[in-house]
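By letter and in written order, the chains are A, B, C and D; residue numbering begins at 1 in each of them.
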Amino acid sequence: MTTSAHRLTGVVPPLVTPFTPEYEIDTASLARLIAFQLAGGVSGVFVLGTSGEGTFLTDEQRQTVLETVVAEVGGQVPVLAGAIDSSTARAGAHIAAARKAGVDGVVATAPYYAATHPAEIERHFKKLATVADGTPLYAYDIPSRVGGTKLSASILLDLGKQGVLAGIKDSSGQDASLRRLVLDRVDAELPDFAIMTGSEVTVDCALGFGVDGVVPGLGNVDPAGYVRIFDAVQAGDQATARKEQDRLFQLFEIIDVPDRTRMGASSSALGAFKAGLFLRGVIDCPYTAFPSIPLSDEEIAAIRVLLDRDGLL
Amino acid sequence: MTTSAHRLTGVVPPLVTPFTPEYEIDTASLARLIAFQLAGGVSGVFVLGTSGEGTFLTDEQRQTVLETVVAEVGGQVPVLAGAIDSSTARAGAHIAAARKAGVDGVVATAPYYAATHPAEIERHFKKLATVADGTPLYAYDIPSRVGGTKLSASILLDLGKQGVLAGIKDSSGQDASLRRLVLDRVDAELPDFAIMTGSEVTVDCALGFGVDGVVPGLGNVDPAGYVRIFDAVQAGDQATARKEQDRLFQLFEIIDVPDRTRMGASSSALGAFKAGLFLRGVIDCPYTAFPSIPLSDEEIAAIRVLLDRDGLL
Amino acid sequence: MTTSAHRLTGVVPPLVTPFTPEYEIDTASLARLIAFQLAGGVSGVFVLGTSGEGTFLTDEQRQTVLETVVAEVGGQVPVLAGAIDSSTARAGAHIAAARKAGVDGVVATAPYYAATHPAEIERHFKKLATVADGTPLYAYDIPSRVGGTKLSASILLDLGKQGVLAGIKDSSGQDASLRRLVLDRVDAELPDFAIMTGSEVTVDCALGFGVDGVVPGLGNVDPAGYVRIFDAVQAGDQATARKEQDRLFQLFEIIDVPDRTRMGASSSALGAFKAGLFLRGVIDCPYTAFPSIPLSDEEIAAIRVLLDRDGLL
Amino acid sequence: MTTSAHRLTGVVPPLVTPFTPEYEIDTASLARLIAFQLAGGVSGVFVLGTSGEGTFLTDEQRQTVLETVVAEVGGQVPVLAGAIDSSTARAGAHIAAARKAGVDGVVATAPYYAATHPAEIERHFKKLATVADGTPLYAYDIPSRVGGTKLSASILLDLGKQGVLAGIKDSSGQDASLRRLVLDRVDAELPDFAIMTGSEVTVDCALGFGVDGVVPGLGNVDPAGYVRIFDAVQAGDQATARKEQDRLFQLFEIIDVPDRTRMGASSSALGAFKAGLFLRGVIDCPYTAFPSIPLSDEEIAAIRVLLDRDGLL
């Protein structure tokens, strides 16, 4: 399967980046994470995204992640790489590096820090597509992280028609606008424009109304669960899909374990995912990127209880 | 005067970065901008900030700016450099490069893109201070660009007491909280902690209630005007300061000239400043960084009228 | 069926309030609207809500609406009445009036205008329940209208356990938190706590993951369509439900017809619903409440095209 | 002095509404509050505003407040009354009642709960002016309470030119836009359009750049202090004004005493003002309107310390 010939579909988890206690990239843990994901049946992996803490890493660390992942995946599924940065020039540099490392697709947000107009966002993606030079470029719609900028259906599909974008990862959390995009894709006659949801708690619904796949942060911890949802919906078995999603929604409670009066919303959620992987024996250290505050031993123990309740240990 | 021995004060404009029509750094224009600012009587210059479009530039372009500015200023006033990036590691790399180029101070925001907790922001600044290694580090409080994160007075003054921060540039636009900080600085017995406002339209007020200086974007176009406000307040002549500020507020209308139905809020304001410098003969090209949309000829002509009304042409 | 004995379920449209061109309540049109809804198969009606422009009406006008609706419905289905006002005292007065008029349930938001704490919101609903005195009280979660206040699952279910609340109408547009509430209801062992969604574009999903019914603004125009979704989901036919929801999502485009550069978001959407009812011959005048700007003839003609496309004319 | 013949100026505190422990209007305390304010030298009083908890009161309670205040003030200074409600019809009813009670001016916000367009807001104020029928109508700009709606300078001054509005109370907290309005008033040649600020912590600044007066919540507790600021600025003594404002800013810390983890932002601030009046012997009971949570004895004791520090006890 290649992303250029066919639309991206299925479960494509946004992989976390394992660190050593000294905040170096832990390539051995990363290799095990890849093996764990492939064993779970994922259709692809997405590295250096929000869950991958890509915006925290130096260029050297990013390179280490890309090379490790491309080598470990070995072409079994597509590798998508985040090229998330504040401006066209900086995101473009990440795209160039990712292509050199041999990824199968790149993923970029709207510019951030500065406040941009939709017409400027269009220029941004068009320029990035020239840098990608044939490697599929996906838009990453994540308003909460980019100053509230929401990518509209009309811009996305226009850029799809022009061959600039191969699809979108929607992390807006707005299922109504996502469904609108699915409906508009039909009118635009763009069947090859991939629509992936980044929301991990309504995947059965989103697949039900026509998205192509999911990029679930929680899929780091339980990729097989999301694959089961996908397979059930493909088989027309919405009841099984719902049951599995409900289970994963309960599992998602792990992100509420960390104490948000002493740490951030990002480090809480990613820390919980990493704690889950640590407890399942996949990675060696649950640290999130500096300056994030790590989970306490008590918090990790509380997550263990939730994983155990779910039969994941 | 050095920033390390004495508190930063006065007018320290956040310089724009001139481009060629091909989006290269226009070092000749940048040199003229430095000369223009020094002739205007500024107390320092701040490069690679929000007005300097630092987050749009590649590392190579940033280096060109730093080297040009340090050379052109030649020690006449302090040079402050923005080290604005999403994470500690990336901002730290900018600080290291800026120090190597010989700047007198560095300026960093809270982390962005990820959502961070105040305790994580403290870790961020403490780590950056170790990288700055004696070069004064200023916090840049600009909630609108960093996901709404506001730096609290208690954190700022705690970090000031610990020797981590030399001061703050406040671009929150919240004069009430800024005044609170001024009052709390007295209680904290931190007279050397510099408090600079980034708001260009209430400078007479802010100096009146005790801030040390101003970092006015509009100061690119009319540094002498801001210096007159500062001098008037120092001389106890609030009436003259008000009159000058009222004039500059009228001049600030240039940022409302560009059509925001076709370009962004950032490119409108910065484009207007650059158009002003272009019309005043300081820089050769009014372009803002890609993917920003440039002002039209008609918009530049309308700005000419406003500058002419004000006697600046 | 009574709301007190059994959980509220099914399709309960939030009825618009028809006006004459002089902004009086058009009781004849209101009677026709009731008949139209009953013919469509609705399980109940909700008057004086957001769609009913309850906050625009005088107490006398509210009374006219209540009496007309209670008389026309004649006990065939439950009548729910909005008691939406800024404070406990004012909402309580509306509840008392609604009870006197003989409604079957009352619906209240969190306090607004003032910024309240969850503990104050709890006091609010407890007091309102004593005023309701046995008439079922439903919480209305609509953060966008009440200063951003979101009713948490824990408060809602606590108040459910205490017998204060009979259920909730969720108009937060946040399907993830709505699903969380459905799951938490199971843990809370509160099967009789009704959970109704106010989102009209993902009803098949919401019913699929376990909500009890829907309060769809668009149901004013096409109640039978929503009843078909509900019936299909009850019958386990998710595919039919999806198809019907997709059709209604396309019909929902009528709210994008009015020109929002000249009128508000509320008057656009409600004006479109009223135009739909006007075009279908149900009400005589499509005006929304003063000071709302009415739709132009061209806009009404454009809505006619969309209704015609859908076979509703 | 009448508000219709001359522009409103000076210190016009937004009076709190004293309650008995049973949540009835405490008219004896209200009478003492009026006497206290007049003794403090205020230029007018504003009742039933945000500080007056007008949106919490029943129509009967509102009437009691209006009649008490008009009688106690006895024409010594103008009485302004809030007519704050969600819609034109409802605010209009409050205006009619206030006129009947004999007030000298009425104050209304933009509509809220529903989302309105500027053109609809214009219709709103024009209609209210016909209801006010010669009684001066002031716009109340308080975006935080009315869904974010900000009244623009162009609308305000247009309505001023048309004789609809006599002025504005600006509680936006945005000193830059307030100053813009002051400058635009000159261009509009509307010297009689009153511009009052509702921010209590930058009054010296606002008067310095040209506003006419202040409506300070904290003025409930210390009206004489605000009168001293006003008099000092009138006398050209900005230094004394600053000193007094700095003192009042320190006193404003009383609003941070109540524990916001257990009560709301509104009840905290208003509760602190009422506690201050209670401690100064002006009112008998510090309760805020139901469902607000009252301050604890410990919190009142902590406010006593701050008042004592300031010499107000």
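Just so it is clear, a residue touches a chain if its C-beta (ideal position, glycine included) is under 8 Å from a C-beta of that chain, and two chains touch if they have at least 3 such contacts.
Per UniProt, the chains are A, B, C, D = 4-hydroxy-tetrahydrodipicolinate synthase.
Since we're looking at a predicted model, the values are computed, not measured.
Using the average of C-alpha coordinates as each chain's centre, D ends up farthest from chain A. Centres computed as Cα averages put chain A at a distance of 50 Å from chain D. Averaged C-alpha coordinates give centres for chain A and chain B that are 35 Å from one another. For chain B, the set of residues touching two or more other chains is empty. A ring topology is adopted by the chain contact network, closed into one cycle in which each chain touches exactly two others. By the contact rule set out at the top, the touching chain pairs are A-B, A-C, B-D, C-D. Contacts from chain D toward chain C in the complex involve residues 50, 53, 55-58, 61, 84-90, 93, 111-117, 119-121, 123-124, 127, 144-147, 260, 262-267, 289-293.
The part of chain C that touches chain A in the complex is made up of residues 173-176, 179-180, 183, 199, 201-202, 204-205, 208-209, 236, 238-239, 242, 245-246, 249-250.
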